[in-house]
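Note that chain A is present in both complexes that follow, paired respectively with chain B and with chain C.
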Partner chain A sequence: MMLIQIIRKFNLLILTLFVLSILSFSLVYLFPGDPLVNLTGLKDVSPETRQYLLELHGFDGSYIYQYWLYLNNLVEGQWGLSFSSDKPLWEEISQTLPASMELSAYALLLSLIIGVPAGFLAGFQHYKQSDYSLLAASVIGYSMPVFWLSLIMILVFSLQLGWFPLSGRISLLFDIPHQTGFTFIDIFLSDFEFKDAAAMSALQHLILPTLSLTIVTASIIFRITRRSVIDVMASQYILTAYTRGLSSLQVVFRHGVRNALIPIIPIFGMQFAVLLTNAMIVEVIFSWPGIGNWLIQAIYQRDYPAIRAGMLAVSTIVIIVTVCTDLFAKLLNPALTGERRAQI
Partner chain B sequence: MHFKNANQLVRTIIAGCSAVAALALSGCFDTTLESSPVTGVIYCSEGNPTSFNPQLDTSSTTSDASSHQIYDRLLNFDPQSGKIVPALASSWLISNDGLTYTFQLRRGVKFHNTEYFAPSRTFNADDVIFSIERWRDKIHPFHYVSGGSYPFFTSIGLDDLISKVNRINGYRVEITLSRPDSSFLANLATDFAVILSAEYAQKLTQSKMKDRIDNYPIGTGPFKFKEYKKDHYIRYQKHQDYWLHDKAPQKLIFDITTTSSLRLAKLMTGECDAIAFPAHSELDTIREREDLTLDGRPGLNVGFWAFNTSKYPFDNPKVRRALAMAIDKNTLLEAVYYGSAVSAKSLLPESSWAYQSDTTETNYNPVLARKLLRESGIDEGFTINIWAMPVERAYNPNARKMAELMQNYLIQVGIQVNIVSYEWTTFREKLKEGLHDSVLIGWSADNGDPDNFYRPLLSCSAIESGTNRAMWCSQEYDSLINQALQYSEIEQRIEYYKLANKLIAEQMPLVPLAHAYRYRAHRRDLSGLVINPFGAIRFGDVEKQ
Partner chain C sequence: MALLDIKNLTLEINGSTGWIKALDKVNLRIEEGEIRALVGESGSGKSLIVRAVVGAIPENWRLTADRLTWKGRDLLKISQSERRKIMRSEIAVIFQNPVASLDPSSTLGEQLIESIPGHILKGKWFWQRSKHKQQIAIKLLHKVGIKDHKKYLKAYPNQIADDIGQKFLIACALVSSPQLLIADDPTRGMEITTKIQILKLLSQLNKTRNLSILFVSHDLLAISSMANKMTVLYCGQTVEDGKMEQLRKRPLHPYTKALLDSAPSFRKDLPPKSPLSTLDGTIPTLQHLPIGCRLGPRCPRAQRECVKVPELRYVQDHFYSCHFPLIREKE
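Let's turn to the complex of A and B:
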């Protein structure tokens, strides 16, 4: 049974990625300009090189043949070159994407740490003073545009109070070689003399962008959790548990928490997509060297190969994360049927 | 019943959360931004350099990133006095006919030892010859590497001026000129005349990677190149064996930040130690803060109002003088430069060695102006055009506004003014054709030599090349500035420039208006950052407390 579930999810993943790759391939033709240039990122090539490239990418053959070669190149990491930097896109993306994922992951983690307990808190006390205050706070957090929030954070905590830096991932004085793309891991792996100071600098740079992202996401998670807790606590089996003489703590921990969390875990996964979008905006404001910042630059400079590859990379990540959380939720609670999930 | 217990649970959760939060917050606050064991200087620069060889580009972004950081020149300008001082050449001799220059080179100057190049010898005559021949000799193996365009040297004709570069011995080089030119030494001291390593070039030729020479630079300067990431940063490291001193910071980083307000914000939070080009509107913010310092000094530039002397009535010097008297320069300076400029008496700013402090300035005198105009047959209500350049430049940040103010002044003396402006490229083309009556424009010099002002702005040949906005051609003036170049003694040259100044003041082909300040802001704990009016920024002497 379980295996079938996994295979099913895996099929979904493959199918979606397939559609995505077709879309990104069609961008080669849909973007203005020469499709060959859009594909390879090589401008002003000699006629001989051009001929060679045309053959290499199958431009003399059918679209299907071209697509097949395109897929092969994608898998091999041959994503073409960026117009603006003339560097391989694969290399650029593998440097910027981890930065965005790092930021989103910390923000998601922090949102869960804040949002879920607060959601339970409000759920248990629903329609009381504390519930209303938390609810009100979440409405404010939820409705604040993330770019505005980031600017306010900079204004207050960087420029007025001077507590945190306002740009980048780490002070440029720390020359940490790029290995995994995740700052803290890179610091740990490096043979840098002052790892503590570097980690501290990285932490200071991380706080404001993470907080800006967290406030919005935590509000959403709080609201989802609260709703779920209220539903679960009102259900028959909870009431039955009470009548069986279990204490409140026993009821909450044995029956409440698990049942309230399981249906909403896939929704948390979906928040990752929203979070990544917000992260891109936050990156631009905090000059965070992530994929969002990079993509915006690519759009400004009409760097078509970069836009295509960046779009593909970001959507692939989002799809993989969504499918994985979905699968994870299934594994936690195999009993969940399609019908029950539809209510979420 | 169960609600009470739930409340208990809630309280436990709250207590737990606040404990975690308190821990997290205390972790953040116990260190300040400054306390770091790694030292270095971070400069927020305004853009990407095109390469790391200033020979190839006249843009100040490129020379800021390379000229004084990575390289040295044979000679330097002293940033305070503007005098030429020895650098890699420890002394030099000029032959009596002014045609042969012999340079004695400094011994024991070490090139950078980096991951991509390990020098086996110190600096000698071969490096000087290589560096000069690269731009001078069109068949030099490195001439066409990186495009083969050396704009500074070709614009001032230095490639034609030098007829021969000879090696006398390992530490003596002789340069022969085709005609005497006393601005030659000054040109060798500009940001662009840097000394490259011939040994490095040879090694690159062997490994067939010639084009790396300008992107992975090797020089003798206080910093060696480490890493460049476009749109992000440039990293430099201290050159441990720098010949001049050992006080350069361990690290130098250019944080490329194109937005001016973001540069200021980074300066305020301490993420940058110094910033390039603070906007005029931000100067007060910087002045207000105690932890920041704003340095400004008159730059090597001049903003002026030029009359088209080939047209009636501007062909009459009396009319030109009258118009010059009709405007109040000081008010213009306040309104357009917000006080960040000094009033110009002549073409040359104060930082030039040929500056003449006793030049007589035209005073604001509308009554006399009106009288002179009527005498010259200019009636009440006569209409002239003032062309105002459409772009912002240091020497004139708002030509349009200035033209509007002048409109009011000129109406007082009975002159109607039309303000004319085109898109910048068209503007310059039409200006070159001489379609204007008068124009508000200016000039920024590349080096400290006065010839760099006098020749391009008012000589007869500059009408052809399109920098003589007054279309003014005077044989007397041309012979004065040519004679000045025959002498290498500063005192003798100054005499000729004085005569030229006098001629300009009488003829008034253009009205010098202002020398704008160059600004640089840095944190108070940074010392030794001197504004170099003759070009690029220097970080070798900077110290951070």
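Let's turn to the complex of A and C:
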């Protein structure tokens, strides 16, 4: 049963990725301009090279043959060149994507740490003052636009109070070689002399963008959790557990928490997509060298190969995260294991 | 002394149009060893009475009563923990829709074992105690007629049938050998064969353990086969209360009569293909309750006096609340 679930989710992942790769391949033709240029990113090539490239990418064959070669190139990491920088796209993406993932992961983690306990608190205190005040706070947090919030944060904490740096990922004083793309791991791996100072600087740079993302996401997670807790606590089995003479604490911890969490974990996974979109905006404002910033620059400059590759990379990440959380929630739910009773 | 004694229980719900009396001066008494049926249409407040007794009333509802006592102790005045103690050891409840009454994410065994109170366990060490818990659980399952305990103790609620679920809940209820079992429509939506099994189990428990049962249902056939006494509820008001045979033979309240007439199995003289008798209209919604006797607009015998709530009257131990009871026809 467990294995079937895993295989099923894996199938879903493969199929979705397949459709995505078809979409990204069709963009080669759908974007304006020469398909060969859109695919390789090489402009102004000599006729001989052009002939060679046409053959290399199978432009003399059918679309299906071209798609097959495209898939092979994707797997080998030959995603073409960027118009604007003339660098390989794979290299650019592998530098920018970890920065975005780092930002989103910290924001998601912080949102979970704030949102879930607050949601439980409000759910258990339903109809009471603390519930209403937390709910009011979440409405405020939920309705603030991310870009506006980031700008206000910069205005207050960077410009007026001067507590945090304005932009970037780490102070320019520190020259940390790029290895994994995750700042803290890179700092740890480097043989740099002042690791503490570098980590401190990275942390300071991280706080404002993470906070701007967290406020919105935590409000959403809070609201989802609260609703789920209220629904579970009003359910028949909680009432029955009380009538069986269990104490409130026993009821809440043995029957409340797990049942409230099971349905909402996949929803948290879905929130990751929203979070990544918000992260793109935040990256632009904080000049965070992430994929969102990079992609928006590519869109400004009509860098078609970059748009194609960036779209593919971002959507792949989103799909993998969604499917994984889905699978995780399924595995966490013990009621799904073992034989099931047929329903009429 | 009565086990459970309820006098003038009123439950108000804060609706959009102000406070609504969902239960209006309800009276109910359960003696030791009797099976009392609580009968009424859906929405008449049967389940609310159950919730009031077990204390599962949301904080935004208002509960008042002249008397709500369990063996002489006022349930409204004692503390939460004392009340929980009573619920744990003396009163047990089973609900309609048994599968929904079980936590979907833990096994039946876990749920049965956690309701075993600590003081009845033998052994000093936790392994001895947990072994004893297992033994108690298995014994209880056998008692309620679940033979395949190995399979069901490990099952999750979504894997079991309704009747197994209800038997299992009865097993949970019997853990602490209670004196009163409140069964809130335990056979709703069950097939006739499983229903009979559950009803037989309940009457057997009543005889062998001297267990009092408050049987809440609208299934008159099931009730008449097992109950000694009956309380009829309409729209949150008790309309009649008395011994089962007396009520069946000669109902005093027009509603009780209509209720009994509406069940074809009670009318042997009913010719085939004749229309079944019903009261006109439907049970009013909580927002549009009539004043006075709530049956008023639907009652075939209603007169001007019915806008006042009738006093509770009685003939021997047969209580009714009506200005124009069916008794007058005989005079």
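The rule we apply is simple: the second predicted complex is superposed on the first by the 334 of 344 C-alpha atoms of A that agree within 3 Å, B and C clash if a C-alpha of one lies under 4 Å from a C-alpha of the other, contacts with A are read in each partner's own complex, and residues count from 1 in each chain.
One rule holds in what follows: contacts are C-beta pairs under 8 Å (C-beta built on N, C-alpha and C of every residue); 3 or more make two chains touch, one makes a residue touch a chain.
Note that this is a predicted model, so its numbers are computed, not measured.
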Query raised in the report: Which of the two partners, first being chain B and second being chain C, lies in contact with A:Asn259: first, second, both, or neither?
Result: second
Requested in this report: Considering only touches as defined above, state whether A:Thr180 meets chain B (first), chain C (second), both or neither.
Outcome: neither
Requested in this report: Mind working out whether A:Ser247 is in touch with chain B, chain C, both or neither, as first, second, both or neither?
Outcome: both
Query raised in the report: Where does A:Met200 make contact in the superposed view: on chain B (first), on chain C (second), on both, or on neither?
Result: first
Requested in this report: Pick one for A:Leu166: touches chain B only (first), chain C only (second), both, or neither.
Outcome: first
Report task. For A:Tyr127, decide between first (touching chain B), second (touching chain C), both and neither. Result -> second
**Report entry** Partner chain in contact with A:Leu239 - chain B first, chain C second, else both or neither
**Finding:** second
Query - chain B or chain C, by number of chain A residues touched - result: B
Query - Touched partner set for A:Pro117, first chain B, second chain C, both or neither - result: first
Query - Shared chain A surface residues [contacts with chain B and with chain C] - result: 242, 247
Query raised in the report: What does chain C use to touch chain A in their complex?
Result: 51, 54-56, 58-60, 81, 84-85, 87-89, 92-93, 95, 97, 100-107, 114-115, 117, 154-161, 169, 172-173, 176
Query raised in the report: Can you name the residues of chain A that touch chain B in the complex?
Result: 84-85, 113-114, 117, 120-121, 124-125, 130, 154, 158-159, 162-168, 171-175, 193-194, 197, 200-201, 203-204, 207, 242, 247-249, 251-252, 287, 289, 297
Report summary line: The answer for chain A against chain C in the complex is residues 127, 235-237, 239-247, 250, 254-255, 258-259, 262, 333-335, 338-341
Query raised in the report: Across the complex, what residues on chain B touch chain A?
Result: 2-10, 13-14, 17, 20, 27-29, 31, 33, 36-40, 42, 226-227, 230-233, 235, 251, 253, 255, 257, 262, 265-266, 268-271
